[in-house]
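Please read the structure below before turning to the comments.
A, B, C and D are the chain letters, set down in written order, and residue numbers restart from 1 in every chain.
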Amino acid sequence: MTNFSMDMQVSFGDCDPAGIVYYPNFYRWIDRCFHALLRERLGGHAGLCKALGAQGLGLMEARMVFRSPAREGDKLSLEITGIDWADKSYTLAYRAHVGDRLVFEASETRGVFVPREDGRLRAGEVAGLRAMFES
Amino acid sequence: MTNFSMDMQVSFGDCDPAGIVYYPNFYRWIDRCFHALLRERLGGHAGLCKALGAQGLGLMEARMVFRSPAREGDKLSLEITGIDWADKSYTLAYRAHVGDRLVFEASETRGVFVPREDGRLRAGEVAGLRAMFES
Amino acid sequence: MTNFSMDMQVSFGDCDPAGIVYYPNFYRWIDRCFHALLRERLGGHAGLCKALGAQGLGLMEARMVFRSPAREGDKLSLEITGIDWADKSYTLAYRAHVGDRLVFEASETRGVFVPREDGRLRAGEVAGLRAMFES
Amino acid sequence: MTNFSMDMQVSFGDCDPAGIVYYPNFYRWIDRCFHALLRERLGGHAGLCKALGAQGLGLMEARMVFRSPAREGDKLSLEITGIDWADKSYTLAYRAHVGDRLVFEASETRGVFVPREDGRLRAGEVAGLRAMFES
């Protein structure tokens, strides 16, 4: 996979009383970036889940390191810089800049969640998803 | 129906760079109040939709008049003050105070959305929902 | 003023368990559109408030009519179709489409809020803002 | 410090098309929990910043491990289980349950951000904040 990127224009309502982006919004944006990647490369989350027999590609773990704040009017350049594949999970690496300035680095570890017999979900093999990303 | 009310504690992250609640959050809270009403009086949105053969109780129109701002630390008292029933819609009236001070007045007009033959949704009769509210 | 428009790509996380955009997000997007207008035409909210001696351009009233749902993957075209000016308020008209399909129509009535002697805010004259929009 | 806890009722609008809490909302809730702690024990974020000569108590790093999903109608019990103090940062540990079921574990590393001479922020000593927590 080559890198994937998108821009987010920081708006007034994304910011908190300190005048900087309220940090849960950064997670909304990396999740938005992941879903844009699915849509542009693999036909989108819904079709992909159907093809994989999965119920979702949800989160197992997330981590973010905040390097500098982003403010109203900033144009945030958001990149997925790589995906590490394990057997039953995969970890996306993210990075966001405003111009040359690093704003945050993040990772999301996600699964391919499939239904068990009792209706609860379990993390299934991710080889099928990996093959689609790499084909 | 008697009135329904709930409190929301305004937190730092609910507020914008002007230090007041970012107004889309008020809509999140009136929607939260509607769903709390469904849960406490009628068993919740999911069961109710099943009982009514509906796919959702979504919005047709919303209106809000902002009377004064709410800030971090304010305790917002949110009330549903009435429901007006039409044939294929019903309108909930809301009011929010911080102490004696009126913060906003609002209304939501909602439907009982049922699937058509072509899969799209149409607004169905609301008499069944009304009967449940009034029983 | 000529019209102003922007696109929003609807993402998975913008949608609710019914699979359609959770309606408070539509308000986030019309507010985002207003602030983009300020930024592109008038230098942005912060500088504009400073020039006008104002503390904010917040809401007095909002109204939205929901015509059809928007779903993950939809590209929402959002327009400001006009501004009506009163003495101490102005009303922005919005419209959103997915392709030819109308999704919502909305209005926001906003003020130019200036500090009173007691520190509370009052709605001031909007002529200064109007002149900037029309110059 | 003894533990701190609060409950969050999961509402329809907190959930995504998979019917489970959209994960950025969990961050909104741990941030809400931190600010509730400040308000109930130390007089609130604004007064605290003033007392410390700080501009904010923002994030340096956050991490969350998702153990099981939360759904509409679930009552989420959210706890701060401890604070680890370093010289220029402190790390809050969080845990959330629905009944006996663990939903997530998380940590937030925060600073006491003070203005530098050039106006940018730097992470200052946290001893003053620690003393207030431990008195």
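Here are a few things to note about the model shown:
To be clear about the criterion, contacts are C-beta pairs under 8 Å (C-beta built on N, C-alpha and C of every residue); 3 or more make two chains touch, one makes a residue touch a chain.
Just so we're clear, the structure is a prediction, and the values are computed from it rather than from any experiment.
Between the chain pairs B-D and C-D, more C-beta pairs are in contact across B-D. Subunit C has its Cα centroid 22 Å from the Cα centroid of subunit B. Subunit C and subunit D have Cα centroids lying 31 Å from one another.
Subunit B and subunit D have Cα centroids lying 28 Å from one another.
Counting only residues that touch two or more partner chains, subunit A has 12-13, 18, 22, 24, 28, 31, 72.
Contact topology of the protein chains: fully connected, every pair of chains touching. Subunit A meets subunit B in the complex at residues 12-13, 15-19, 22, 24, 72.
Those residues of subunit A that touch subunit D in the complex are listed here as 18, 20, 22-25, 27-28, 31, 55-56, 58-66, 69, 121.
The touching residues of subunit A, counted against subunit C in their complex, run 9, 11-13, 28, 31-32, 35-36, 39, 44-46, 72-73.
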